[in-house]
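Chain naming follows the written order as A, B, C, D, E and F, and within any one chain the residues start at number 1.
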């Protein structure tokens, strides 16, 4: 099972635009964190579909942060981009920005790292095409994602050892 | 009430990306036309917000066509762009394309012309910034929209006369 | 493929009643145009099902107008009726009225002409039963719809010629 | 606080038409009972609004029965009618019928008796206009509802006594 | 078709926790009765699944009462428990309580008795495991449900006789 | 601003029960990760409300993992519990388990650590009541959460230094 194909990062990038509706908000007119997460997951999944052209499933989410609250009526931009690819998984970075509709003022609202796994019809992991980072920004993200992946693996191994004791 | 401000068409363009979920489809796995219209209206409204930076309301929709059906799992791209501006209204063109997730095959699914009116807090029409078409494509769309607007006005006048008899 | 069956217009007419809920509205308590379109499309589709007793799909929408805004809490009446039938398609007129719940005041909110195509299980167009207009109102609508259809065909032919140049 | 106004039953009757969408059904393609109840409650509430022209709230539901299951794609008819009025409450009968879209076959699916209370802005009960049943059917329903109301009051009194022991 | 298995009531009890969102409420910030019914039906259905480990369908609902209104932002607790089992059906009691999020004040909001029928894949009724009430409370509920069932059967027989005349 | 109040962990614990509906799933009958995240966020928010009795907002989510996919019809249990409290924030652990409705087989599906901040009406952070872990399990979670918080702070400081260069 060798993966010979490579794809460009920009070919799978996603840009979603949404508007915060009353149904997305709590009684104070502020959006639920869970609603933002749902948009981020869909954006990341579309990015994964485009990169792999197979089914993909969310395996984990890390360092999801909410910086400023999205309010009712705000225009929401969700952007997703493949940061790194391992054998059967990939890290997809997602960033959410808000745009105040009457002033056009933009703010960075939320970011997260999603790990998706490519699966076949039986739900078993399959090889993902690898990415070759081209721009300086892409290279920086690739290295940072590689490091995060290493940390996750170390942490998991550590936790497994702990639970064996 | 003179409108001295002008804005560029590209500054208010919208690109939405959605995925067709089971809840959007009928029992045959094909999307409801009404769901597509809802996305188109939201995309056009965001475009109108960006152009006017005031509240905008849908006044009419013309020549909405469905060419090929969107199916469950398809990635949907909705693009909206100001075609033409009159004194208190503007025509926004909306185009919907589908992308088959496993093959990447793209198809033009639907198009429509939305007329939005800018309104103040009391719901009364207010002046919209005018657009100056720059590219050849923008100029072609501007002229076609102007002609459609003339046809709508003629038609309405005709209908009013008819109903007076 | 000859269509020998005819059906009465009143046998497929639809009356839907809805109420505008917070989830249907924007931050000003006014309904989204797209939500009204969704109701109109469902009403028209039910009318088409009743007329054809086969699957039907939305092909186009014309002259959709929004006259007065629906507000939160309003009772909504959506009525759909077959105006005209061609070989494999039919025009269905849809009208939306609002009813202010505390006063009972009614207003005409929106109207549109939907063209639906009857399809078989493979999604291919099939013959629709023809309608024979009976009342004066039905006859007036039939003739007006026939004229609109002719205009659409002329317009499409014109556009096709233009794009060939 | 005497209620001098009376209203006709037919002036507040409601007819809703819906279609069973995938989102309304369980994994077997059959509708959830709770979804049908939601439609019934909205239909009954609109009927109550029309009768009272004040806010109304659901106080109780009795003898709600499901006779045959609604399936995906079915056209649903929900009809609501005031059966009986007491001082500040009224019984509204709701009946749900299904229509198989391809054959037109209709079946009685569900019925229930809803009791609604008219309330002022502070949520306090206020007098409802009384109904005068006119047709034989209206008179039969009026008497049956009156008897049900008596049974409910007797039952409640009995339960209160029991719980005092 | 003899039912030899018995199950404990506490093994199928359900506790759901929800929060009242803007989309669940009317324009006064009070929840729709139909939304509460939907939660009750899902809670009761999960309870029925757990008791029978087969598909179950709602057959009827009785004495559903709304005591105090749920408001936007309230935490909602829905609890469901098997009260009684007959051959192919069972009565499931459902109780809804609200919790005011800032004060923690709790109130009993709604109760109802749901009758569910266990069905096989063809939708035909099948035997449900019987319950043996253990605690005093379970025994009291069992006897009360048995009596309610007897009343329902008597009422139905009476109605059938009436309609034969 | 000193926080003298303490609360018990068990007093704010939340148990939600949901069922996976068709609208929650993709075209393969598997739930979207984003839908699970939404449930987790609501469960954690209710837990935060109960602990603080003030408004709370999601600040970040870490180590969210999906172990086995939830499928259509599965009963879902979401449990949330305060792990640790800092001055104006708290870590809430959320765990999701699935229950296969026909067999009762349970599986651990997902876990995550949510950080919530208590806010006043102006959206400014306010002191949260502290928890005193009592059981061995509570103490273990408290220490692990404290360590995770330390790691997050270190990481953020590091990232800030990096971006200054």
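As a working rule, a contact is a pair of C-beta atoms (placed from the backbone, for glycine too) under 8 Å apart; a residue touches a chain by one contact, two chains touch by 3 or more.
No experiment lies behind these values; they were computed from the predicted model shown.
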*Which pair wins on C-beta contacts, A-C or D-E?*
D-E
_Find the pair in B-D, A-F or E-F that has over half of its contact pairs, by residue number, in common with D-F._
B-D
*Go ahead and note the Å separation of the Cα centroids belonging to chain C and chain D.*
30
*Once you find the CA centre of chain A and the CA centre of chain E, what distance in Å lies between them?*
41
*Please compute the C-alpha centroid of chain A, do the same for chain D, then give the distance between them in whole Å.*
47
_Quick check on chain B: which residues sit in contact with 2+ other chains?_
22-23, 42, 45
*Where on chain C is chain D touching in the complex?*
14-19, 42-43, 45-46, 49-50, 53-54, 75, 99, 101-104
*Taking the complex as given, what residues does chain D use to touch chain F?*
22-23, 25-27
*So in the complex, which bits of chain A are touching chain C?*
21-23, 29, 72-73
*Considering the complex alone, what residue numbers of chain B touch chain C?*
28, 30, 32-35, 37-42, 45, 55, 57-66, 69, 112, 123
